[in-house]
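What follows is a set of structures for review.
Heads up, the next two complexes both have subunit A, just with different partners, subunit B and then subunit C.
== the complex of A and B ==
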């Protein structure tokens, strides 16, 4: 049976002392697709991935990976058997040689593909007899990728997979990831390289301060998200928060709106309110990311100042 | 294959430790005449071996190696940045801890076993005789006491992060234990004195005149010590299962 959702979380929360790294996260990752997992540093991406893999326990909420509960010790082992993972730090045993580490890792998995292993060893030019500690950062990343990609996992989780790779290797990796869903593998990867994400991802999950702020297919984002720039002859009037308006910034006679849908209606409304120039333009994932995160920052800053004022 | 990983992590300590122990035993036998000639009091060969190997250099080297073997594990991996890889293998944390612990015990046994063969052979080479029956008995004492040194450090290593911090904490802790044994109410329990138990000093199973082990071995004490060591490992395992990485 093929699961429609390979990852599902419900109010998944992780607290470290008083700090809430993941805050009631509700998300789902569709099977046999590539999902880009985005967020700033410290947004909660790695904590989420660690919870999914059973490395840390959720403070509250629940989650499943491949239908298995992440907070159950036995089911967590089964998750790790069926999921391939490349961590952010790519920490591998320095005292082993490349060949020894490959042999060691291979022994844990029944879905290992020796032909893929050989192909990647040659492609990545990894010297089998060299100790892992003697490899460069880029080569270590390639080795970590080889250990994950030499299998045919149901789910491939990658945390910053292209970090430290040269442009050729990045291209090869992206091509490999694009092909993965054809073999039945779902890819869930985090990256700060938004252009890469935009190139290969089918779905986008954006989190900020542990909260999912965007969970949508990339195609839908491209279709629906628009930047609407409005020009007024006098000071811009106060505009209603219509459906679809995600952020709105006003600078005297100029208003810039980020709309997640309903762009035509918003433009029409602006014209009715006296806008003399209305420009509706597609927007890149990078801009959406920045707008969304910065707007949340602004809102938080505002709340902070209001609290400070109230105290004074 | 977790065994392989544990072996690779302990291999250097075990092999270097075995080599150092063998060299120490050979050197002690080689210089036996000189050392005995310069001794304050006349000394039999058995006395010299006991004093040099089982009551000082050999014993101290063995206990230090047992403590070093006990360091390491998942917390040290965390400090080295490899715990993420280990913990995403499809194995339980208990499996990871126990494979490491068992490999460490094997290392302790291997180092303790070195004098069993080396001492009789090196003695024979020097025209002396030191029976293997004695080296086997001392090896049993070393293994028993060595496991508790190992287990204690293993426990510390699974609570304190950082390379070899557990060793630095274990050694003074065990020294404090040694001092506490002088308290009158503890001194009554002779078998608690693992520092004397390991070489038989003033123990009922040790012939003080001939400096050889005689009579039945202290099996009850040895089993109790090994069980204590296993309890340390079990506590370490539970601690790791609760810990977040």
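== the complex of A and C ==
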């Protein structure tokens, strides 16, 4: 049976001391698709991934990966058996040779595919007798990918896979990821390279301060998200927060709106309120990311000032 | 294969320890004519071997190597950036801990056997009489005392992030433990692991001849091994709860 959602979380929370790294995260990842997992540094991406893999325990909330509970020790081992993970640091045992590390990793998986291993060894031009510590970062990433893909995992989780890679290696990696769903593998990867995410992702999950702020297919984002720039002859009137308005910035006679849907109705409403120029334009993922994150920053700062004012 | 990983990570320490212990045993036996102190404490060759190897400096070095062998594990993985890879393997944390403890135990058993063979060989070369059976009887004592010492640094390596801190804490705890076990109130319980390893706890060796008596140290072997296993078990529980 193929699960429709390979990852599902409900109010997943992780606290380190008093710091809440992941804050009641609700999200889901669809099977046999590529999901880009976005967020600033410290947004909670790595903590989320570690919880999904059972490396750290959630403080509260729950989650499943491939239908298995992440907070159950036994099911967590089964998750790791069926999921391949390539970590941010691509840390592999430097004292082993490539061949030794492949042999070591292979011993943990009954579904290891020697033909895929052989093919990838040749494709990535990895020298079997070279110590892992003597490999370049690009080669280490390729080796980590080889170890992950030689099993045809049901889910491939990658944390910043392209970091530190040269453009050719990035291209090869992206091609590999694009092909993965054809073999039945769901890809869930975090990245700061929004242009790469935009190129290969089917779905986008954006988190900020541990909270999911965008969880949507990229196609839907492209179709629905619009930047609406409004010009008024006098100071802009106060506009209602209509459905679809994600952020709204007002600068005297100019108003800029980020709309996640309902763009036409918002434009029409603005005209009715006296806007003399209305420009509705598509918006890139990068702009959505920046707008969303910066707006949350502004809101938090506003709340902080209000609290300080109240104290004074 | 987890055992292979642990072996690869600890084999340099193990081989250095083995070479050091074997070297000390051979130096003490081969240079016996120069190093023999004579005097009231050492009357014969057996006493000399006990004074230098089984109850002396070589035993002290063995205990230090056991402390060193206890270091490593997931904290080291974290320092070397391989923690993500290790924790992503489809094994429980208990398996990771047990493999480390298992390999450590086997290494200590192997090290504990070295003096018996090295001393017998060295004695033969310098035409001294010391049977293999004499040395072999120390091996279980060294192994049990060694795994107990190993257990202390093993637990420290689980609890402290830095290996230097782990080693320092383990060493200090060990020294305080030795000093504490010499307190008059605790002396009847024969807790001193170094004395136990030397065969002197309470009197398995005849102190005047340093030859084995009729009673062997079965009970202390069991107790020190049980204490070592308890330390490993605590380390395992702590590892299972850690956010690494």
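One rule holds for everything that comes next: the second predicted complex is superposed on the first by the 312 of 312 C-alpha atoms of A that agree within 3 Å, B and C clash if a C-alpha of one lies under 4 Å from a C-alpha of the other, contacts with A are read in each partner's own complex, and residues count from 1 in each chain.
Keep in mind that, in the parts below, a contact is a pair of C-beta atoms (placed from the backbone, for glycine too) under 8 Å apart; a residue touches a chain by one contact, two chains touch by 3 or more.
Since the structure is predicted, the reported quantities are computational estimates derived from the model, not experimental observations.
Trainee: Check subunit A with both subunit B and subunit C modelled on it and let me know: fit or clash.
Mentor: Superposition check on subunit A flags a clash between subunit B and subunit C.
Trainee: Based on the superposed arrangement, let me know which partner A:287 touches: subunit B (first), subunit C (second), both, or neither?
Mentor: Neither: A:287 stays clear of subunit B and subunit C.
Trainee: Regarding the shared-chain residue A:202, is it in contact with subunit B (first), subunit C (second), both, or neither?
Mentor: A:202: touches no partner chain.
Trainee: Touch test for A:172: subunit B only (first), subunit C only (second), both, or neither?
Mentor: A:172 contacts neither subunit B nor subunit C.
Trainee: Is A:107 touching the first partner subunit B, the second partner subunit C, both, or neither of them?
Mentor: A:107: touches subunit B and subunit C.
Trainee: Per the contact definition in the header, classify A:53: touching subunit B only (first), subunit C only (second), both, or neither.
Mentor: Both partners, subunit B and subunit C.
Trainee: Have a look at where A:91 lands relative to subunit B and subunit C in the superposition and call it first, second, both or neither.
Mentor: In the superposed model, A:91 contacts both subunit B and subunit C.
Trainee: Under the stated touch criterion, which partner chain does A:77 make contact with: subunit B (first), subunit C (second), both, or neither?
Mentor: both
Trainee: Touching subunit B in one complex and subunit C in the other: list those residues of subunit A.
Mentor: In the superposed arrangement, which is not itself an observed complex, subunit A uses residues 50, 53, 55-57, 73, 77-78, 80-81, 85, 87-89, 91-96, 104-105, 107-109, 144 for both subunit B and subunit C.
Trainee: Name, in rising order, each residue of subunit C that touches subunit A in their complex.
Mentor: It comes out as residues 1, 4-5, 8-9, 80-85, 87-92, 243-244.
Trainee: Taking the complex as given, what residues does subunit B use to touch subunit A?
Mentor: Against subunit A, the touching part of subunit B is residues 1, 4-5, 8-9, 80-85, 87-92, 241, 244-245.
Trainee: Quick check: in the complex, which residue numbers of subunit A touch subunit C?
Mentor: Going through subunit A, the ones touching subunit C are 16, 50, 53, 55-57, 73, 77-78, 80-81, 85, 87-89, 91-96, 103-105, 107-109, 144, 159.
Trainee: What does subunit A use to touch subunit B in their complex?
Mentor: Result: residues 50, 53-57, 73, 77-78, 80-81, 85, 87-89, 91-96, 100, 104-105, 107-109, 144 of subunit A touch subunit B.
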